[in-house]
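Shared between the two complexes below is subunit A, which has subunit B as its partner in the first and subunit C in the second.
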Partner chain A sequence: MATPKETIEWAGETGTVSQLRGEVFKYGCLGAVSFALLSVLVLLLYVAADAFQPFTADPGWHLTFFVTLVVPVVGTSVWYYRRDEPAGEVAIATLGIPIIGLLLAAALAVVLSIELVSVAELFALTVATAVSVGVIVAHARFRPRAAFERLVVLVGAPVVALFGILPEEVTMVVNITLRQLDAPVRLTTRVVSLRELVLSVPYLPLPWLMLVLAVTLPVAAGLGVLVARRRASEDSRTVIGMVVGGALALASLGPFVGPALGIDPVVWILVVTFSVVPLGVYVEGIVRRQDGVPGLAFPVLLVGGILLGAVLVEQFGFAPPDTWLDWQFLTSVHSRTPEDAGFYPPIVGSVMMMIVIALAAFPVGVGAAIYLEEYAPDSGLGGKFVTLVEINIGNLAGVPSVVYGLLGLALFIRILTMPAGSVIVGGLAIGLLILPIVIISAQEALRAVPDSHREASYGMGATRWQTTRNVVLPQAMPGILTGTILAVGRAIGETAPLLMIGAASSVRLAPNGFFDQLPAMPRQIYAWSTNLQPEIRHGVLAAGVVTLVVVLLVMNGTAIIVRNKFQREA
Partner chain B sequence: MRERIYRYVLFACALLSIFVTISIVVLLAKDAIDFFGLVSPVEFFTGTEFLLPRNQVGVLPLVSGTLLVTVIAAAIALPVGVAAAVYLSEYASERARSVLKPSLEILAGIPTVVYGIFALVYVTPFLRVFGLPLNTFNVLSASLMVGIMIIPMVSSLSEDAMSAVPDSLRQAAYGMGATKYEVSTGVVIPAALSGIFSSFILALSRAIGETMIVAVAMGSRSRMIDFANPLQNLWQGNQPMTAAMVQINGADNVSGIGFKSMFAIGLTLFVITFLMNLASNRIAARYREEYN
Partner chain C sequence: MTNEELTTDGRTESDESTYDSASDANADPDGEPLVEQSISVEGSDERSTPTNPETVIESRGLDVFYGETQALQDVSMEIPEKQVTAMIGPSGCGKSTFLRCINRMNDLIDIARVEGELLFEGKNVYDPDVDPVALRRRIGMVFQHPNPFPKSIYDNVAYGLRLRGHTEDLDQVVEDSLKKAALWDEVKDQLQKSALDLSGGQQQRLCIARAIAVDPAVLLMDEPASALDPIATSKIEDLIEELAEEYTVVIVTHNMQQAARISDKTAVFLTGGELVEFDDTESIFENPANQRVEDYITGKFG
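After this line comes the complex of A and B, so read on.
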């Protein structure tokens, strides 16, 4: 019996030693994760403190909001995390949907208010799009066999309806080229597009009615279709009709109720369309399914806490903090005096650049991904070429952004002679930068669609394109979209390419065309960072940084949460 | 017919990526060749002074600046990133991982100009509290922030590699009486080594190409590394290749030589990062352990 006892003692000794080593290792690794997260979080808190100046407020102000807002919100969050996970998801969604809706509404309101697109133009655009889609659908229904003809219609109808022949933009570019070649001729004659035809009608409906028809109707119809698809059991027409009818009725209240409450009808319509209606549809679904209903309390607590706190603070006369990041900062232009400095032109510039980036990178990126995943040959010369393209895309994703700026400078400004520092050049250069990222994420999304679905589709006689369009793309779309949102989020924060293409440090006017000077959020932040004034460095700069980071965190957070949800469901 | 048209359109999209690479090389090379007509390559690649007003455009001080940043950033990011990856892949509960991984990913979305401002406005004064003799613009805090910025990249790519190690290997090690520590360091890390290395190279190439952190927080005075006085290198400012390009482009009174040198520097940078990415791909593909 002596020998085993000895071995046990021996094992016990190393047991403790290796346990200690293991624990140290484990906590070291945990420390690494915490360091990565906390170091940035602490710095973000410092910036936020500079931007909001919370210590300038009365202690009573803090106490009031702590009791009315922080305690209930933290309490419910902990409860959701520990007890009721589905309710936590509902809480995030009911809070997130209106916030994202408000951001969308704000972006559209900005676009309308700088008259990049007027309400009438938006209306004309919607009518023209609807007509061209109608033509395509009608053609597909009446002549289902005429494939080549449909391709012509597919391309031709939108072009004629939206741009006319020749498109105005094409005419402009051709004329610029002709001028550079010193040719005496200019392109002038063209057929008027449906869009312009609508604009020239003498009796257009009232602006608010046009806005409702152009924005609320399509958004509500899209939502209705989505809801109807989820509820296969009911008559889809009733569902769509109810959603659209409700949305139109709510939106149309704006011009009548809005002025009485002091709300601009346009703002009312946009907020109803993008925030209230989607939220209503979502909440209705939750209540119907009875899944995670307690989560609905969260936004109520949050908004209620803010309102109650505001009333109490008013009552007791506590002074709020003297923040740098306020409404004035978001809506005014840059100024030399820090107190008046604003961030409005860069916000508008970044939104416009985002439009260019998305239009440039999304179709091409998804097209390339579809080719590589669905069409490309696996072997032979073609296969080698595909491998080359894939390696090349991987490498392009790692090329420093400043090099893309140099490419933009050389290609768009010096060869294609586009105006330096304009919205379009910035958008295209950064579009090229995120193209590889869009391709790679779209490829991953396409790869996640199981092969059995493709084979089932082929087995029913579908062609490759039909399979791609009807089977693969609809399933891969959530993944593709979230990947694109992440890429666009990265694009908005890119600064180095903007510097290389000569974006001006301070633009006093918000751009209202794509060839105007580009003010962008990161560019303005960089300009402020070179200023040594403490009010700029610890005030205006911090407010700009917080604005940019909040926009990006909302975008990235949404994309990542949505993606993880879809991954779990799949 | 229609099928073929779609195929060609999609093919053209894929071809565009090749076109981008070619146009980067051709356009940068065109101006770089012009530049080497004015300044001999020997002078450019061996010159130890980079002074635009005097048209002295030796690239070595810029390379030394880039090297400093990359080495310090790597010293922080590589160990921390791998340790974080080990925690996420081996120790974290399913629940904790579902929170930590997305958080790291969200942090990776913060723009680099913001990291630069962290370094300039917050980190430098914080380090001065400890009595470090830092200039306003200095290498240390900028490199620290570059390191922190690339941690998520190292950790997420390494974690992917570690998660790909099949569970049977771990079970076998446990079966032989190995502890969790021994499994992590003796089985998982060696099996995932190729993935970890390729994540290192990608992260380094990211650090080399990082522009805004160094442009904001490291000043605009290029210097050779001072080997006689190593710590002094950290306290004072320096200028890596990327920041020099930004400075040249932003300055008004740059001569033709200075302006063209930007393209030569850009091409050098492109070639270095491109080769590193290629090497990373190769290592990942070649030394990958196949378990099936």
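After this line comes the complex of A and C, so read on.
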């Protein structure tokens, strides 16, 4: 017979091993985390309730949409989660691809409609880019060994084709700096760039045709290459040809069918290019692979639910909520009457500032990270210096944003005499602010590439540059992109630097260029918070906050999806 | 880049005094093979070893230091062309360090310092006018752990050619290299698949195909089979014997049977980075001149 239970001492029944501290710590942490998340959630819900005012609607309105929209959407989501996870991923993708596509299309439509870039300029830009890429590829093919010559071509061809030696903006900034330094030299040398040459051609194609060639063709070609790579079994030329042909045909329908349906041809072409074609390619792939097909039902249910609900609400005459965040809010400028107040210029301004931030911080940050990780010495005096630099980058990441605003004020406005409160100054100042974060996250991503891959490449006789470009960067890119997107998302919410560089509280005109006055979302929200009218302080402000948060969530969501996708492939 | 992985070999300092160097000259008197005869000579007998092969790599008084630690002491040896030269010895004896000296992979470690001469085709590779990148294009390398790039099988094999700017006949070279590496039949229908989907043994053969695609003069192998199962190992060993008809192969191994099976020449390194004996594989395993080598081979130590 085994020993009776009571005598087993090591089993710890007598409580000799105390786990009290661990338990207290565990539940303490759990409580703190839950409390923090819950309070943020409650705040956001409160703000959202202010923005949408859901209680002003008829109960019937809520009931209708609950039945037509919420029940089927939640039901299918639960089913995907429990039974069919691949279908759930398909559902997210089929919903996300057109939404991101629509956002891109909207951004480009705004750029075209405020004539930041005209259709002809876009076309000229594409032609010049294509020609310079062609020159580089041709040079690599015919003179594969001329490395230095290649470097010259690699830099020279795009610069000549796109800018004609140097862009005017750069010349201007350089000349301003030269004037500051009292140097007798000024930059003037320019040749006519290919871009300008195309623009000066008297017989350009019809605008819609130029748009199709400038936008649809490259996007479709890129998608085609992507699909062809996935499908090694088929001839890649046929696949690319089918994708490009289909996209061009669908986009070209715009000018003929669009007006009959009351759709602007430009909008048609952009939506087809960025939303319909990628979605079509994705859905075709899903159907072909027969993997997660039920997921395709999700967007149909969602859109169908919204449409059905709208029809029913109209039919029964239920009043919708008196929401602040509506189409009118997104498309009009700030006004003293709360009902007319809008958020359009800040949205455009923030997007343009984001472009400047990305262009300023990404190349410099990634370049610095590559230098520090791949090129910089590890030991000796140089190694000590590099360590010092790295420590200070970490410190710079912690410098308050208002100090970066001051730096922007001193450097860009005082020394470089750029216009105060302009898009470019705001973008550059905030670009400096996120530069350390971009460097650190890019360094992390580069460090995650296994050394064995570097060794393999060096062992094959690759130079450091070839190894970095062909082996390290492709593997680190998803991580670098994730870090940059998160940093940029953080950056467009920054307010303090904007105050320092003199961004106006309310700008009634969307910026037309990068040297125009900057209306930014957080700056406008801050201005509304001190407005005397309670409707603006509570309603309009809440709508602005929700818009800003939605933009940030979309960016972070994109970053997460990009990361997950590449992690799975690697 | 961290140095830890690169410097695992050659750093360990060991106490040499435990071995009696007085008995160095005492060869095994009756000439009995110390390792199973059938294994040791089979490989070398079948392939008629050229009697007087040319030397392709020669080291003269090579010393390597990692910071203060000496990893190789005065190593002098001549590696013959188109034969398999094996290097054996306990961990940390400097055999991988020697291998990495040949194609100057030690340059990647900041603290590594090399003294003495290492001649490749008569030219000291540590001369200031030698570009290590150009050198590595003549001397291929296969590593301990299979390390294909996360690219397609095709792109992996074509990598070295593309580095050199070759764009023509890539398909043909990729096919030939995969055939030489005995991998073609297994992957010919899935060249565009990711190399990471292959098994470990297939990945290592892919790395060999990648290394020979650029037609190097010498193939360095750093324990190429140590991370593989016995079946994959035997495939790699067969492959090495075939490759030796075209290439000079220098292989580091922990597995003495493997060295006996596949190599023509064997170099025995013992602790402290000392080359103790270098001779034909047969005589090393059957009749070593050095008592410490005999102890090592018979398993009395290491």
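Keep in mind that, in the parts below, the second predicted complex is superposed on the first by the 510 of 570 C-alpha atoms of A that agree within 3 Å, B and C clash if a C-alpha of one lies under 4 Å from a C-alpha of the other, contacts with A are read in each partner's own complex, and residues count from 1 in each chain.
The working rule: a contact is a pair of C-beta atoms (placed from the backbone, for glycine too) under 8 Å apart; a residue touches a chain by one contact, two chains touch by 3 or more.
Owing to the predicted nature of the structure, the values given are computational and were not obtained by experimental measurement.
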Inset, instruction - With the two complexes overlaid on their shared chain, look at subunit A and say whether subunit B and subunit C clash or fit. - result: fit
Inset, instruction - Examine A:Thr463 and indicate which partner it touches, taking first as subunit B and second as subunit C; both and neither are also allowed. - result: both
Inset, instruction - Return first, second, both or neither, reflecting whether A:Gly383 touches subunit B, subunit C, both chains, or no partner chain. - result: second
Inset, instruction - For A:Arg454, select first, second, both or neither according to whether it touches subunit B, subunit C, the two together, or no partner. - result: second
Inset, instruction - Give one of first, second, both or neither to describe whether A:Phe515 is in contact with subunit B, with subunit C, with both, or with none. - result: neither
Legend entry - First, second, both or neither for A:Gln475, with subunit B first and subunit C second: second
Inset, instruction - Scan A:Tyr46 for contacts with subunit B and subunit C and give back first, second, both or neither. - result: first
Legend entry - Residue contacts on subunit A - larger count, subunit B or subunit C: B
Inset, instruction - Would you sort A:Pro144 into first (subunit B), second (subunit C), both or neither based on which partner it touches? - result: second
Inset, instruction - Give me the angle at the C-alpha centre of subunit A between the C-alpha centres of subunit B and subunit C, rounded to the nearest 10 degrees. - result: 90
Inset, instruction - Look at the superposition and give the distance in whole angstrom between the closest pair of CA atoms, one from subunit B and one from subunit C. - result: 11
Inset, instruction - Report, in rising order, the residues of subunit A that make contact with subunit B in one complex and with subunit C in the other. - result: 463
Legend entry - Residues of subunit A defined as touching subunit B within the complex: 18-19, 21-22, 25-26, 28-33, 35-37, 39-40, 43, 46-47, 147-148, 150-151, 363-365, 367-368, 370-372, 375-376, 386, 388-389, 391-396, 398-403, 406-407, 409-411, 415, 432, 435-436, 439, 463-465, 486, 489-490, 492-496, 499-500, 502, 522, 525-526, 529, 537-538, 541, 545, 548-549, 552-553, 555-557, 560-561, 564
Legend entry - For the subunit C and subunit A complex, residues of the former touching the latter: 1-3, 5-6, 103, 105, 108, 110-111, 133-138, 140-141, 143, 145, 147-150, 159-160, 162-167, 190-194, 196, 207, 210-211, 214
Inset, instruction - Would you pull the subunit A residues touching subunit C in the complex into a rising list? - result: 140-141, 144-145, 229, 232, 373-374, 377-380, 383, 450-463, 466, 470-471, 474-475, 569-570
Legend entry - Contact set on subunit B toward subunit A in their complex: 1-3, 5-7, 9-18, 20-21, 23-24, 27-28, 30-31, 79-81, 83-84, 86-88, 90-92, 98, 100, 102-107, 109-114, 116-118, 120-123, 148, 151-152, 155, 179-182, 184-185, 202, 205-206, 208-212, 215-216, 242, 245-246, 249-250, 262-263, 266, 269-270, 273-274, 276-278, 280-281
